[in-house]
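The two complexes that follow have chain A in common; it is paired with chain B in the first and with chain C in the second.
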Partner chain A sequence: MSAEVATSLGVTEKFGTLWHKYKGENHETALLLLILALLGVIAIVEPSALNMTFVGDIIRSGIVTLAMALGLLLVIISGGMDVSFPAIAIFSGYATITLMNSRGIDGAIWPFLVAAFIGLLLGSLNALFVARYRMETLIASLGTQVIIRGVLLAFIGSVYISTLPSQLDAIGGTSIMRLGNSPVNVLVVPVIVLAFLLSWMLKHTMFGRSIYAVGGDRESARRVGIRVPSVQVRIYLLAGLLAGFAGMVHVVLSRHASPFELVGTELNVIAAVVIGGALDSGGRGSVKGTIYGVVLISLVQNSLVRLGISSYWHILVVGLVVLVGVAIQAQAASREAKATRILESTEVAS
Partner chain B sequence: MYALQARGITKTYGGVKALTRVDLDVRAGEVLCLAGANGSGKSTLIKIISGVETADNGRIDIGGEVVGTPSVADSIKHGVQVIYQDMSLFPNLTVAENIAMSARVKNRSRVVRKKDARALAESVVQRLDLRLDLDEKVENISVADRQLVAICRALALEVKVLFMDEPTTALTWREIDSLKGVVDQLKLDGVGIVFVSHKTEEVFMMSDRITVLRNGEVVKSGESSSFTPQTLVEALLGYLPSDDRQLSSRSTDATVPSLEVSGIGRDGIFDDVSFHVGQGEIVGLTGLLGSGRSEIAEAIFGKLPIDTGEIRVAGEPHEIRSVVDGIDAGIAYVPEDRLTQGVILEQSIESNIVAASLDKVSNFGGVVDRKAVSAAARSVIRDFGIKTDDATNPVKSLSGGNQQRVVLGKWMSTDPKVLILNGPTVGVDAGSKAVILDILRATAEQGAGILMISDDVPELASVCHRVLFVRRGRLDGELDINEVSQERIRERLAQ
Partner chain C sequence: MKNEPQVDSANGGSDTVAGALSVVRRNGNTFGLLALAVSVALIFSLINPAVYASGLNVKSIALSIPEVGLMALAVSVAMTVAGIDLSIVAVANLSAIFIAWYSRVGIEQGQSSAMVTAVALVGGISIGAICGLINGFVIAKLKVAPILTTLATMQIFMGIAIALTRGEAAYGVTEPLANFGYDSFLGIPLVFWLFTVVVLVVWAVMIKTKFGLRSTMMGASRMTAEYSGITYPWVIMRAYVLAGMISAAAGVILVARTASASADYGSSYVLLAITIAVLGGANPFGGRVAIIGAALAAIVLQLIASGLNMMGVSTYVYQIVQGLILVGVFVVAFERKRIHDAVSLKRNRAKSNEQPFIEAKELEETHA
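Now for the complex of A and B:
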């Protein structure tokens, strides 16, 4: 019987097996192909646009998105959703600058740590609502987002700060290399290091695996003895910390601090994470996929600029890309579910 | 020597007593069967011992140590493992990682390695002499394999007391045999095993002692040899239901059949299947798990459309390409896995009951009439004996047998011409089973044709006019109205 099956395997099945092997845990390969296809289109339409400057631009515009996406990724893998991270990010960055200015102190590295710490404190708000009061994660973060913004504007400040303390500002002007005409800022390094750390953590620590377990089935996680609230608290603290750090990266890279920025970018970040294979039902997603997602979104935005398309079109196009990306992921997931329809234990019947 | 002793366990949910001063003794090296009808408190008791729920009162000793009221971690630390009825696996993780998960939690590992998880899983799978693809995700494996994964996970740790909550529901006989081998080995190792099952045959095959729960109290406890199948069922229910062959009276054969299928097939799954179900007739469709019996049923309903052949409902040919086509043709289907396919757990009982017959409770403009919904729900709740005091409660507040009745009620409300049931009494106790079979007889008497997929021999013999056998995707013989009996069905299945 099995021999019959083997010979009747058609080309599609063979491709299917090959694909199954290389598609990656969360269909990252499909995403990579999509990115390559997009590059192909640009190469045909506007070959002169494909140069190192273009690569540099993508890195620069993607770096803050990636920093925020890393924290969100944890939340989404655990089966939650968070929209408060841009508010946490800008609060942390702006508050740190305000603090430095009011005290007249300067520094290059410690402000990032302070911002991360503020982020962690704000993240504890989400942790409290989600783990202690068992609120729906999206609703909890919608609430905290508004509170955090409100506190920022009412108590910390609402003015645009045009110059940063000089040592900090110097970081914003330091690049590790130039790609074409585009300088690559030194802050790329810590963000990439964080990405690697997080990827390692998700794969090789009990905390990381617990996040997947909680996202896969929370009740099952409880039943094997995983303390779900404790995992959730750590997720939201870490997500807050990463958002705080991302906020500072944003402020330093843009070389000014405005309390009105970042808010509104959450959809881009959510899109990057979801396109990267982290379905909102939880339990899946990876740092690799998220990086691809960020690259894809950043690529689309930058190529629109290169192709001379009006910025009014950008939102529409990004929206379409998000829709297509998410649709591909959802399709793949449902196709996989269908593919499991096999006759159970046929060997018993024979 | 007791592996576990529970004393005076009491648990109340919002004023309703789930358990009243329950004592449970599990000796090392024995199999104790914890028997009880749906809603008798078995699952609650298991959850309290495993630490998932906390008792209001009572004390638990494990392996001679006083544990009191354990948390999940305490209970695992003391060697209690539970194979839950729903298996409680992680669909998004690999088989190996699922098996290794409880060991990782117990060892308080911080850094974990894939290689270690795989090695642990491999050793367990080998010890139990099973075949599982360790690198496949659990969501991609069959239900029977998931059951095996759950068993492996429980045995990956050193276990002193093992609870198995209906572990055989999804297993084939061959796998149940190998499970029996595992259980025997564990007994030799001095593990106390608590086995929960509805199947009386299995209870007697597996257990040394039996403890019976009814309405949250222990009503009888003793050596298995002191029970007979009759006294066990009587202890479970408080009365003795009959499973004698009792057929609904059929209308004459001259009428058009409710369902006729001729030469239907679907590539690689089943082929050339022809049969008919008369009006008022109940036809059993049986075969081993994986024989294609469920797929044939799903094909007729439109979930898994056919490639070849023809389906006629009440004499009319119907092209059934989807579930909507199936419903339009007058077919109702009660799926095997009622929890994931049959009901929406979070929604109210009444919403579930009217979900398939919304057009009947809506007015001309398509607006749902709340009063009609309540009335329809009330009549189903009464006719089907669903135990609830409020139809607006979510379905998940009901016990398994009552959920099954909700699913049946939902489809009966559509007044189907053909009713297809897949394992209608899987996981329900003897009392609910008798009620469900009575409902089927009554439905048949009203003229519907019923196709019942089942591997429960007493149930097939009790209610079916005819029984068809499926083997490797083809029909392989039939027993007619004069031939159906438990012995004849067993004989044919064993061939």
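Now for the complex of A and C:
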């Protein structure tokens, strides 16, 4: 070991300390470099594609993903996995629109709150199975995903609604600014605000810290006095609420309501969160990293068409990028685990 | 059966009484499923004997079980090593597409039908093995969590299938393969016979071989297994190769039955296969072999699906039923354990009420 250290002294070590200083809590810098590298490739292959329209498109396609990713982030930090959020999202969005149409009522702000509330109710199903029955989170959410989707299609409706209530539709057409040819919808604002709120909550509240504690080591969290089931209940209720809101954002942005959408996109959202540095075994992750993850996924999806890659190859390329991103994070995490031990042992030795 | 006590002693509870009890309990689950299958069949037969108990319906049920049953078997194997395989359907489709493609090309080149069939089958199963090896490599060597690995490879395998077929269905199977998908032996479809054989082979592999024992130990406790000299990659790679080959066998049945294959076939099977594996008694945290259980659970779910279909219930309601069964299995098991615990709590007041999640498995065994 000492020979290895001796030979790598100098430039490598300097780079090592620099890297250590700037790599960020969740390897955000590695992610940023990956994003820059991709942009570099686009700049070389198709420089004309790099314009403000491109940025606008990335924001537009990323905003629903980000809205869904926020709720999932909480679940993943707490050491769980959730695949039910797209079902919750589309259920909430579609049910709210159906309700508004059947009653003939219109509104702009409150439908979002109704959808979020429906999401909260559906999230309580996950909370029940995970906190009360201690089911494996993946299995529980797989179950609730089919139940929620089944109830939506069997009892709420399975028809495509092509026009939204007019006030809601107006929001879908309101933009705060234009980037090139791509309008940026006003809904970007609440999603960004939510992201900031969540980031603050994770860093500065008792509940936020408890989520990390539960994800890091459940038993230790319990022994320092955190009520694990109560934290889990709040996580899944909040995740449901965020998913419900995200569903409404999706419906308003797409300006139609189809009960068959969103379900099936869970992989991209999970990938965005995990690539953003949230550890699948729990205890780690940040809103900042998640935003980078969402940007990376949107970037890949939006640039494939611009680079002239046939749509038949898209799923394969996105899958490969996901695998590479996830593998980088996994490698970094396991290297870090080793590195910590070495550091501890040298400290003991000296 | 000789291996059973060894398996359980490896789980940590070295006393043979617990081992023997565990064997009874495991068989109890199997017998419970058997009873469930019989009662479901009886109930629907009583509702409409002319339709449900008819030879045609029984045959159609037997034709639908093998595909998803084999996928559930693959999931069950992955769960034994504390993993999961979400790429099962993508692997099955990829191998089915190869078989359909090679059948057409081989026949066009004028090769003999038997030769083409043999090459197509060997190629199809090999593709499954390669896909499984990729999964195993990423999980064991790159240390990516099984769920994330197989989520990504699911997309990659599906992406390869779409890129190869340009999103269109691949048609054409050889004469022997088409007959295999269609013919019956002793009134039971050949595909169901194949399913039975695969189930028995996989069961034997998981119970009787060194690999099976090592997988169970690795799933039960990775640290204990590694301290006993079992290497993690050795077991994980083999387990996922086995899962991949079983998925490819599902692909063989699918292409033989429908004479076509496409990249987007059967995406709803992923969840169904996991439901079946869990219902069959597999533990997502590993360490439990439940191959026969998975096969029986596949039969139970298909009996229910066919019954609901007969009664004119929509497929969406069947989805709800699937989900309810999946969570119901856990809820019932939990409540039963809670009552059991309440009784032992009376005997031993000092026992803590809040049991840590990660130790639930070990506790369950001490209680058994």
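In this section, the second predicted complex is superposed on the first by the 331 of 350 C-alpha atoms of A that agree within 3 Å, B and C clash if a C-alpha of one lies under 4 Å from a C-alpha of the other, contacts with A are read in each partner's own complex, and residues count from 1 in each chain.
The criterion applied here is as follows: contacts are C-beta pairs under 8 Å (C-beta built on N, C-alpha and C of every residue); 3 or more make two chains touch, one makes a residue touch a chain.
All figures in this text were calculated on a predicted structure; none of them were measured in a lab.
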Is A:G283 contacted by the first partner chain B, the second partner chain C, both or neither? first
Of the two partners chain B and chain C, more of chain A gets touched by chain C
Would you check which partner chain A:V326 touches, where first means chain B only, second means chain C only, and both and neither mean what they say? second
Which of chain B and chain C A:A213 touches, first, second, both or neither: first
Who does A:I226 touch here: chain B (first), chain C (second), both, or neither? first
Partner chain(s) touched by A:Y133 [first = chain B, second = chain C, both, neither]: second
If you stack the two complexes on chain A, which partner ends up touching A:E46: first (chain B), second (chain C), both, or neither? neither
Which superposed partner A:H204 touches (first chain B, second chain C, both, neither): first
Can you give me the overlap between the chain B contact set and the chain C contact set on chain A? 219, 222
With touch defined as at the start, can you tell me which chain C residues reach chain A in the complex? 84, 138, 142-145, 147-149, 151-156, 158-160, 162-163, 166-167, 267, 271, 274-275, 278, 284-285, 314, 316-320, 322-324, 326-327, 330-331, 334, 354, 356-360
Which chain A residues qualify as touching chain C in the complex? 81, 129, 133-136, 138-140, 142-147, 149-151, 153-154, 158, 218-219, 222, 228, 264, 267, 270-271, 274, 280-281, 312-320, 322-323, 326-327, 330-331, 333-334
Complex contacts: residues of chain A adjacent to chain B: 203-207, 209, 212-213, 215-217, 219-227, 282-284, 336-337, 339-346, 348-350
Quick check: in the complex, which residue numbers of chain B touch chain A? 50, 52, 72-73, 76, 82, 84, 88-93, 97, 101-102, 104-106, 108-114, 139-144, 153, 172, 174-175, 269, 287-292, 295, 304, 471-473
